[in-house]
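In what follows, structures are represented as C-alpha cells.
You will see chain A twice below: alongside chain B first, and alongside chain C after that.
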Partner chain A sequence: MPDQVLFAIEVTLNGLMAGVLYALVALGFVLIFKASGVFNYAQGVMALFAALTLVGIMEGQVPFGHLINVMFGTEIHGFGWEVPALAAIFLTMVVMVFFAWAVNRVVLRHLVNQAPIILFMATIGLAYFLEGVGDLMWGSDIRTLDVGLPQGINEWIDGVTYRALGYGFFIDNLDLVATVIAALLVTGLVLFSQYTKQGRALRAVADDHQAALSVGISLNFIWVLVWSIAGFVALVAGIMWGAKSGVQFSLSLIALKALPVLMLGGFTSIPGAIIGGLIIGVGEKLFEFLAGPALGGATENWFAYVLALLFLVFRPQGLFGEKIIERV
Partner chain B sequence: MTKRLVTILLGAALSASPAFADLVFPDLSYRTGPYAANGIPFSDGYQDYFTLLNERDGGIGGVKARIDECETGYNTEKGVECYEATKGNGALVYQPLSTGITYQLIPKATADGIPIHSMGYGRTSAADGKTFPWVFNYPGTYWDSASIMVKHAMDMSGGSLEGKTIALLYHNSAYGKEPIRTLQELGKKHGFNLTELPIDAPGQEQKSQWLQIRREKPDFVFFWGWGVMNQVAVQEAVNIRYPMENFIGVWWSGAEIDVVSAGEGANGYKSTNFTYVGTDLPVFDDMKKFVIDAGKGAGDGSNMGAVQYNRGLFAAMLAAEAAKKAQELHGTADITAAMMRDGMEALEITAATYEANGMSGFAPDISVTCENHSGPGMALIQQWDAAAGKWNAITDYIESDRSVIDPLIAEDAAAYAAENGITPGCL
Partner chain C sequence: MTGSGAGPAGDAPPTVPQRGVLPDGAHITADGRTIGPTLMDMRNITLRFGGVEAIKNISFDIREGEIRAIIGPNGAGKSSMLNVISGFYVPQEGEVWFRGAKRPPMKPFQVARLGIARTFQNIALFEGMSVLDNVMTGRLTQMNAGLLAQAVWWGKAQREEVENRERVERVIDFLEIQHIRKTPVGRLPYGLKKRVELARALAAEPKLLLLDEPMAGMNVEEKEDMSRFILDVNDEFGTTIALIEHDMGVVMDLSDRVVVMDYGRKIGDGTPDEVRGNQDVIDAYLGVAHD
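== the complex of A and B ==
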C-alpha cells in the first residue's frame, strides 16, 4: 500500500478518536438544550470546574484556602490526606449535583418563561461566575491529573499494523479509553432515558414542557437532574482533556471544539453529537493532512466551522436535529 | 488655635524636605484566564522585587517604588485598555509580557514618550534603538533564541546541520511567527531544511502536527509555544516517543509548569533561558525575610525560584537598575518616563551589579546603547530533569549569530521606519 494511503488511514483513525473527545463536550450541551431549551454557554467551564474539583479533592486541597489565608493570616494549604481517584470522582459528582441544584434554585427558576436569549445570557454570566469561583476555590496553577488512565502509543496496534502493512499506526491509549468511555456513556444515557421513570420524564419535558407539567412532572426536578447529568458528562470530558494537558483554565475553551459538532449534529440529538463529533474530527484532520501543507497549515480550527456551515446550508437543523415546521 | 499651629508646623516640615512622588511601575499582569499559570509567577516575581527594594532599601534612590497592577488576561484589547488607564499615573516603563500587546503599544508609547521593555519578547527589530527609541528588548530577542537553538543543534550534530531537518512548531500568531525569517536565513547558511508547523491557539489539539512529525522524523523540533500549547506539545512528544533531547523550546516554553504534567516522559526536554533558576542566592534570602515572611508578597512565595518567578524578578531588577541610572544621569531621584528611557539606554549590568544585588551569575552581563536595545543576545540551554523535578543548565551562555541577525534587524527596522515615516536617530 502506498505510504500516502497508510498515512491517510492513520490520520482518519486519529480523527475519529479526536472526534470522540469533541463529542464528549458536545454531549453536555445537547442534554441541557434538549431538556430545557437552554444553550448552556457554561458547559466548557463546567468541565474545567469539575476537573479542578476532582484534582483538588484527590490532593486533599482546602477549598478557598488561598482566600482564607489572605483574610485570616493563616497558613492552610491542605488537609494532609489524599483521596483515591474513584472516591474523588464520586465526591466531585456530589459537588456537581449541588451545583445543578444551585443553578436551578438561583438562576433558572427565576427565568422561567423568559426568551431563550435571556437564558443564554444567564449561562454566559454563569460561565464567568463559575470560572472565578473555580479560581478562588482551587487556585490558578496547572494541576497534574492522574486517575490511572493510560497514555502514549498503543504498542499492540503499532506492532500489528507494522507487521501487516510495514508502517505502525499511532493510536493514543488515552483516545482509546475515551472512545470506550464515550460508548458506555451514550449507552448508559440511552438506557436511562428509555427504561427509567426519570428518563421518561426527562423525554416528556424535552418534548413539551406544558404537557409534562400537566401530567405532574416536576420541572424543577428534571432540570436539576439534567444539569447533574450534564455535570457528569462535563466531569468525564474534563478528565479526558485534563489528562492530556493538565487541569488548567484553558480547559474551558474546549467548548469551542463542541460548537461545530453541535451545528453539524443538531442541538437535540445524542447520536447527532457523536456522529457530528466523528465527522468533524475526521474532516478537520484529513483536510489538514491533504490541504494543510499547501495552505500553510493550522487549518483545523476554521475548517471545522466551514464543514459545519456547509452542512447547515443543506440541513439547517443539523444531521439529527428536529425539523421545525411552523404552520401559519 | 492649636489646630492652626499644627497645620503651619506640618506645612513647614513638608516644605523643608523635597516631596517625591512614588516611582510608578505598572504591572500589566494576567492572573486570570487560560494563561494565568504563566502570568501569576512572573507578576509575583516582578512585584516582590520592588517590595524588597522598598522594605530593605527604602525604595530606589530613596523614593518608594509603586506597582500599578492591571489585569489584561493576556488579551491584547484589555492590555491596551490597561495602558490607557495607567499611563497618566506617572508610569515609568511598561512590561506587558505579551507580544500582541507589545505590538499595539509600540506606536502609542512612542507617541506618549513612555518606554516599553519587552524582555525577550515583542518585536525583534525593536533592537534597533535608532528606529525604536522608546522600545527595549534586552537581554535578547526571539531571533537570538532561534540562532542559539541552531547553534546547540549544530553542537549536538557534530558541528554541521547540512542536510538535517528542523521542524518549527509554533503558536500561530505574531509571537510564534517571529523566528521564521531568522531560521530560514540560518537554514540557507547551514544547509538545513526548515519545516513550519503552525498550531492555532490555544493549542489543546495538536495531533495533526505530531503525526506529521512522527511521519517525517525531523532531526530537531524547535518549539515556540505559550500556555496550554506547551503542556500539550510536551505530552504529544512523549506519546510519539520523539527523542526529548532533540526537542528544544524557546525560553517561553521552558518553565516547570510546561513539563510537570507530562511526568517522567518529559525528562530530557530542553529550552533556552536567560535567567538563573533556583533560590540559592542571597537575594532570595532577603526576599524571604523582608517580603514573604513579612506577609508582603504578591503571592504566597511558593513560586520563588521557578523559571517565571525569577524572570519577573529579573525584569524588575533591570527596571530598578535603569531607574537608578536615570537618577544618576539626571541628578534627581524624582525621575520621569523620559529620564527612565535615558537610564535604560545607558544601562550597564555587570558581574559587580549582580553581586551588589545578591544575584551573582543570575543572567549575562548587559550593555545597552542607542544602536543596540537588545543587549548581549545571549542565552543558555537548560534541560528538564524529571526525577529531580528541576531544570539544569547544560551549557554556558551562548552568543547568537550576529552576522545573520544584525542585517535582518536592520532590514526590518528600515522597513518599519519607511512605513511610519520615521527618521532613524538617537534621542
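== the complex of A and C ==
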C-alpha cells in the first residue's frame, strides 16, 4: 500500500480516538438534556472542575488555601499527604454529587416551568460561577494529572503494523485506554438505564414529566441523579483530557467542541453523541490531512463548526435526534 | 349494573339498604360487590386560579370498592377536582382525608406513593418506551431494592423484578394488550394508548384509581370496551375508581354514585337515578336562561 494511504488510515484511527474524548463530553450534555430539557452549558466546566478537584485531592492541597492564607495571614499550602488515585477519584465523585444536589437545590428548583432559554442562561451563569470556584479552591496553575494511566506510543501496535505493512502506526496508549473506558462507561449507562429501577425512572422522566409524577417518581431526585451521572461523566472526561494535555482552564473550552458533536448526533441520543463525536474526530483529522496544506492549515479549529452548520441546514434534528414534527 | 344506593353527599346511611348492611355505612350491592367505608373524603374544597374560582366549596366522599363519577359540562371544574385529589393542584381551602387521616399538602409523586394512581385526559404515556416498559413504570412505587442492591444483590432485585413482572403480565392479559407488549407506545392508535395508560395505573395496585375522561375521543365500540374494562377492574381487583366524564349516558350505566358539577359548584350527588331526576342537573345539561 502506498504510504499516503497508510498515513490516512493512521490519521483516521487517531481521529477516532480523539472523537471518543469529544463524545465523552457530549454524553454529559445529552444525559442532562434528555432528562430535564436543560442545555447544560456548564458541562465543560464541570469536567475542568472535576479534574482540578481530583488533582487537588491527590496532592493533598488545602481547598481555598490561598483565600484562607490571605484572610488569616496563615501559610497553609498542603495537608502534607498524598491520596491514592482511586480514593481521590471516589472523593471527587462525592464532591460532584454534592455539586449536583446544590445545583438543583439552589438553581434549578426555582426555575421549574421556565422557558428553556432561561434555564440555558442559568447554566451559563453556573459555568462562570463554577470556574471561579475552581480557581478559588484549587488555584489557577496548570497542573499535571497522573492517575497511573499508560501514556506514549503503543509499541505493540507499532511493531505489528511495521512488520505487516512496513509502516508503524503511532497510536497513543492513553487514547486506547480512553476508548476502552468510554466503551465501559457507555455499556454501564445502558445497563443502568435499561435494567434498574432508577434507570427506568430516568427514562420515564426524560419522556414525560407529568406521567412520571403520576407513577410516583420524584423529579427532584431524578434531576440530582442525572446531574450526578453527568458529573461522573465529566470526571471521566476531565481525567482523560487532563492526562492528555494537563489540567488547565482552557479545558472548559472543549465544551464548545461538544456542540458540533451534538448538532450531528442529536441532543437526545446517547449513541448519537458517540457517533457524532467519532465523526467529528475523524472528520477534522482527515480534513486537515487532505485539505489542510491547500487551505493553509489550522482547519481543525473550524472544520467541526462548518460541518455542524451544514447539518443545521439540511438535518436540524441531527443523525439520531427525535424528528421535529410540528402538527398544525 | 344498578347503582349501589349509598345516600347523597357524605355520611348519611344508604337510603335503600341492600342485601346486608355492614358497619360504617358499608354494604353489599345488588350485584354482590362489597362497598366499604369511606376511603377518601373531600371536605369544603375551594380552588382558585388568581381571581377565578375553579372549585367552590365542594364536599363529597368516595367509598371503598365503589365506582364514583364526577360529571358536568365543559369547564365545570371536574379535571381540577381530579387534580386536587391526585396532588397536581393544592386547594386554597378545605381538607382532603384519605383512609381516615387528613392528608397534608403533597407533591403528585407522594400522592402516587400513597396508592392513588391516575390517567390523564390527554394521555400522558412514555411514548419512546414499549408497552411493557410503560406498564412496568407503574410498579416503581413497589420496588424497594436499592440501586446497590440491584447491582450487587442480584437475588433480591431479581425476585422483586419477577414479582413485578407477574403483576404486570396479569394486568396486560386482563386488558387484552398482550399482542402489543413490545410495541413502542408512540406507534399505537389512540384507543389502545388509553388502555395502556389504564394498565400502567392498574399495575401500581392502587387503592384509588382516578380516570380523567377515559372515553374521551373514542368511538362507540371503543367506549363499550373501555366501559367493560372499568367494570371488570372494579369487580375483579376490587379497585375503587373515581372517574370523570361529560358523556352522561356512559356514566350512568357505570357508576354507583355520581357527583354533578357546574361552574365549580356541586349541583347534585347521589345514585344515577337520583341525579337523573335532579332539576338542577337537567338545567345544567340542557341549558336554562339564567336570571
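Heads up, the rule we're going with is that the second predicted complex is superposed on the first by the 328 of 328 C-alpha atoms of A that agree within 3 Å, B and C clash if a C-alpha of one lies under 4 Å from a C-alpha of the other, contacts with A are read in each partner's own complex, and residues count from 1 in each chain.
Methods note: a residue touches a chain if its C-beta (ideal position, glycine included) is under 8 Å from a C-beta of that chain, and two chains touch if they have at least 3 such contacts.
Nothing here was measured: the structure is a model prediction, and the numbers come from that model.
Touch criterion met: A:10 reaches chain B, while chain C stays clear of it. By the touch criterion defined above, A:203 reaches chain C but does not reach chain B.
In the overlay built on the shared chain, the residue A:257 is in contact with chain B alone; chain C does not reach it. Considering which of chain B and chain C touches more of chain A, the answer is B. By the touch criterion defined above, A:213 reaches chain C but does not reach chain B. Within the superposed three-chain model, A:101 lies out of touch with both chain B and chain C [touch as defined at top]. Contacts of A:153 after superposition on the shared chain: chain B is touched, whereas chain C is not. By the touch criterion defined above, A:301 reaches chain B but does not reach chain C. Chain C meets chain A in the complex at residues 86, 88, 107-110, 112-113, 117-118, 120, 124-129, 133, 136-138, 140-141, 143, 145, 147, 150-151, 200-201, 204. Residues 195-198, 200-201, 203-204, 206-208, 210-219 of chain A are the ones that touch chain C when the two sit in their complex. The touching residues of chain B, counted against chain A in their complex, run 31-37, 40, 172, 196-200, 202, 204-205, 207-209, 211-212, 214-215, 227-228, 231-232, 235, 238-241, 257, 260-261, 263, 265, 295, 300.
Chain A meets chain B in the complex at residues 7, 10-11, 14, 18, 66, 69, 73, 131-132, 135, 140-145, 151-153, 170, 172, 241, 244-246, 248-254, 257, 284-285, 288-289, 292, 296-298, 300-301.
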